[in-house]
Amino acid sequence: MVVVLKPKTPNDEIEKIKRKLEDKSMTVSIIPGKDYDLLNISGETSNAKTEEITSNACVEKVIETQQGYKLASRLLHSDNTLIKVGNKVIGGDELTIIAGPCSVESKEQIIGIAKEVKNCGAGFLRGGAFKPRTSPYSFQGMRFEGLELLKMAREETGLPIVSEIMSTSMVNRFAEDVDIIQVGARNMQNFELLKELGKIDKPVLLKRGLSSTIEELLMSAEYIMSGGNSSVILCERGIRTFETYTRNTLDLSAIPAIKRQSHLPIIVDPSHATGLWWMVEPLAKAAIAVGADGIMVEVHNNPKLAKCDGQQSIKPEGFKTLMDSIAKVAGATRKMI
Amino acid sequence: MVVVLKPKTPNDEIEKIKRKLEDKSMTVSIIPGKDYDLLNISGETSNAKTEEITSNACVEKVIETQQGYKLASRLLHSDNTLIKVGNKVIGGDELTIIAGPCSVESKEQIIGIAKEVKNCGAGFLRGGAFKPRTSPYSFQGMRFEGLELLKMAREETGLPIVSEIMSTSMVNRFAEDVDIIQVGARNMQNFELLKELGKIDKPVLLKRGLSSTIEELLMSAEYIMSGGNSSVILCERGIRTFETYTRNTLDLSAIPAIKRQSHLPIIVDPSHATGLWWMVEPLAKAAIAVGADGIMVEVHNNPKLAKCDGQQSIKPEGFKTLMDSIAKVAGATRKMI
Amino acid sequence: MVVVLKPKTPNDEIEKIKRKLEDKSMTVSIIPGKDYDLLNISGETSNAKTEEITSNACVEKVIETQQGYKLASRLLHSDNTLIKVGNKVIGGDELTIIAGPCSVESKEQIIGIAKEVKNCGAGFLRGGAFKPRTSPYSFQGMRFEGLELLKMAREETGLPIVSEIMSTSMVNRFAEDVDIIQVGARNMQNFELLKELGKIDKPVLLKRGLSSTIEELLMSAEYIMSGGNSSVILCERGIRTFETYTRNTLDLSAIPAIKRQSHLPIIVDPSHATGLWWMVEPLAKAAIAVGADGIMVEVHNNPKLAKCDGQQSIKPEGFKTLMDSIAKVAGATRKMI
Amino acid sequence: MVVVLKPKTPNDEIEKIKRKLEDKSMTVSIIPGKDYDLLNISGETSNAKTEEITSNACVEKVIETQQGYKLASRLLHSDNTLIKVGNKVIGGDELTIIAGPCSVESKEQIIGIAKEVKNCGAGFLRGGAFKPRTSPYSFQGMRFEGLELLKMAREETGLPIVSEIMSTSMVNRFAEDVDIIQVGARNMQNFELLKELGKIDKPVLLKRGLSSTIEELLMSAEYIMSGGNSSVILCERGIRTFETYTRNTLDLSAIPAIKRQSHLPIIVDPSHATGLWWMVEPLAKAAIAVGADGIMVEVHNNPKLAKCDGQQSIKPEGFKTLMDSIAKVAGATRKMI
């Protein structure tokens, strides 16, 4: 937040305003200008009542700083953030490959797929236990039973597990059970959930909302980070546009944009973005070429019988081919799998 | 859900499939066709495992019925739903007018505005206690203290109060404190929250998500209704488009669309849709003309000092003018205030 | 275009720059400022080579003026523009009602419909002779033969005729034959066509492009006006969004926006916006309530047999009902039909 | 167009309908079915008056064939189309690289840039002579003088030239002067222009409209092809969405979609899509990785002084780096430059 002072405000008046804000736990620095001075305010700016500040006769106006995010910004943190999960590092030279079924359906299914994707080179297992479905009559996931099955798959394969959370009431359980907590596109601005996730010490995979701008995604990351949890992985998964050929429109421009604006790692989910299994491989290659830190892909051993999103899942053999072809692109761009 | 049977499936086979589904609490009716028969399945269709059904050799395919909503559909409920709140009825001949500040800021503010909007003819007081803000550094609302101030304003004026909920953990408190629980655009697909709201006996004002289709809005209503709470009021508040002149694009076509598809009442929020105070009156008139059951308008006694959304708030005197002009439009369309 | 001069630029240097620009047919006025002066440049600004201007050591930067339109702007023309066509005035107290079939199909059809809409109170007859169809295999219109039939319908009924132009090569013929030349949404940024229409003396009905902003619509109007033709009528007809229930999303906020920014009349086409005949009446009422100067509606005597867009056409009896109901709304907002 | 006949229509009746359609220059084939027969109609289907056909008592209904395009469809032309221009082939194993300034500004500028991009490996020179600008006051291009300068640059370097056409009246001149005629995004549905381009023998580079679907792009290609010109190159250049970080949102999913639906070559223009020079290289790499046949890139020797779109232009040295890095990606995906 920046306070614009009126021209020729006397120094003692400036000091008075500064102290008043500091009393409310804000940090204030004076930026002298040619014609008028500014106050740069950080810290507990939510304590700042705009009307109180502007009621001072020496204040011209109060403006929000250009970016609503600070901790997520590269301005204050020029190096890429590296997030360690088990023996993997997300955001570094090695690509992060998260694969698995849309939803956990049975012990055999999840363990079977986990073994297959591990053999192909995946570093993480994904699987939905709680499913955000548009209709209340669609399959809602195996819920906590699904989490247990994921844990078994982790034990069998050693793959860290990624699963989606849907409510503040599940935060403790997820923090204990999974290795990366996924926040889905529909909850990207579920701010109470983000605040709770800011209080724990567990990486969060934050998916971009269907109609959220790049800046809003970074603001939602800031909600988590400002609570104390700096392990946020972003995920581009398509935005809603007028085009109906694909389910959503994958916005790969978001990758260089986020790399410029933020130090956080960002991966791409081509499965949800397109909703079409045969588009997953070419878009995965494009994601690596454009500079993403990894991909998240739906793999199902029997897509036709999948309880949800079968149309966008590739089979293990397709995943093998995909891994080979992205490895080549990765090589061409100095990354490795 | 509809099961398409293969041509020439023998009757005893059809009966076998039917019984199997009924054993899982589904209701099944046979629709005989010229070339092949169909099974119409209702009830606990979430118990239906698609793979199990399609594994039967006589099943051609399983298709989701066209609408993901049933309870919200006018097909099964041709009369308009009327929702009684205090001595007001929402969805009938009288327009529902909800007015008040974006956020509760102080006792004086909320009681002052409550009196003003009541004098102008508003039937309900709105005021945000919990604020969903894009940036974690923006004012987050007075939270539970704000709810207390709203209750005082209700006591002073008799106006029922409307306020936004943001998390499952607040459901009990809101059910007790407010008269209509608002679910904001960003939480329209916070399905865990919707499920909890389905369990209580309190009207819910469900705002359309920024990038949600009309069908998705009705599906979210269905989440609440399928839990047992049939008092859902819908609210059109603008969708996200490429146009930047207004904050969002108010989709007034949604009103006749929803009136055709559903029996639920629907109101319009021109303040959030446009983000511009001078657009509120003309769009409020258009909303009434197009057939909305009411409007929700932001009124602030001092928009310049408002802690949020001041730019879109009208003053009490502007609200008076607005009420006069919508009364005329209402008269022209056989509604009254 | 505004040139920002560096602080303390000597007056003789300013005069030198000014003369240099004036030599290239630009009009230059000096706007003195506290710290530095500005040059406001109008006229043939396309002659201004930015690099040449900025190469002068006294020039800080060159900025495009905030609005790309001047003649269309209310800033320079505060009164509403009134456009006379026959004995009708567009943009005044009387609503402009344009009605007729999507396309001219036969002599009987167009004359029959013309009589019907006239009896119901329409002031203008519309009918497409040239049809911009997405597929080359769809009916392309009766072309010049259609124009002849429209002229017969005008002779029979006295209604001025409105028809869509599709190419620069048709400008002379349209200028002679029709009373208002319509530019369709797909040609809103066919700048060569706009330039040609700027050279003639005939009102132009300019429809907003499917993905054009309000500002871009006004810039396209400016193309026509800057050529010398100031009789431009704007038309909101829906923008392309993610919603698929309606063909496009009618943006009624555009009406007050354009009324604020421009002095040009603006009408609304609810038929093309929604693509659904049963939505035409409620949205026509909303259009009048929000302040539009009129509406353009598709009316067909036999929508099921219409050669295009039958689904969005209303029948003459429906048009009668529509006229009655918008008359009431018009009365409530001090307009008349 | 397909005519669905009623069950048990006698053969002689079918023949009668068939002959009637053939008399209107349509080609009709009978597709016998189990329960009823179909008529597949091609050729001059615009002569088919739907009402006349459906008025026959034996006709159930008339449906448009699923795709509005036939000649552009891969269904009827499974091999990729290869377009020869000079000694280059577009659509084959070699990537097509088109580079040059947004607009031709002077002889020195265009020849200088042409030499630079040729040295870096570009196969074609682009340069705008006619510029479609949103505002009438922006630089409109050097027009025919610009075409002359492009021809000089071609003579100097041997590079074939690509330039944008804006009106039907320019078709003959462009057909003579340039090697590939570009149709810009704003004219993608300027159907009269497309029809004229269908009559000549010169490759057309057709850019996707800002709010056009993939299907609409193919339909516009069909307009050109159905006129007799089968040399159409498609170009994805970003669609309009709510995101404002980039000028448009590059839709790379369109590449595999079009490769599946059509045999036509498709290239990507990352400069116009993003409007940001530093995004051009990563998105060019992604375009190659996803399977595009080439790229079109804006290169300017002095972007700061460019008369338009300087912000999105890279310098020759940046273009050299880009060429090196896409060569690597091309190698990883079995393409070459």
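Lettered A, B, C and D in written order, each chain numbered from 1.
Here is the rule we go by: a residue touches a chain if its C-beta (ideal position, glycine included) is under 8 Å from a C-beta of that chain, and two chains touch if they have at least 3 such contacts.
These numbers were taken from a predicted model, which means no experiment stands behind them.
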Task: Tell me, please, which chain's centre (mean of its C-alpha atoms) is farthest from the centre of chain A?
output: C
Task: Please work out which of B-D and A-D is bridged by more C-beta pairs in contact, and write that pair.
output: A-D
Message: What's the distance between the Cα centroids of chain B and chain D, rounded to whole Å?
response: 43
- line: dist(centroid_CA(chain A), centroid_CA(chain D)) in Å evaluates to 36
- request: Any chance you could list the residues of chain D touching two or more other chains?
  value: 211, 240-242, 244
Query: How about chain D: which of its residues touch chain B in the complex?
result: 35, 211, 240-242, 244
Statement: The residues of chain B that touch chain C in their complex are 211, 213-215, 239, 241-246, 249-257, 260, 273-274, 278-279, 282-283, 285-291, 325, 328-329, 331-333
- request: Quick one: which bits of chain C touch chain D in the complex? Just the residue numbers, please.
  value: 1, 45-46, 49-51, 54, 64, 68-70, 130, 132-140, 166-169, 186-187, 189-193, 195, 209-211, 216, 219, 222-223, 226, 240, 305, 307
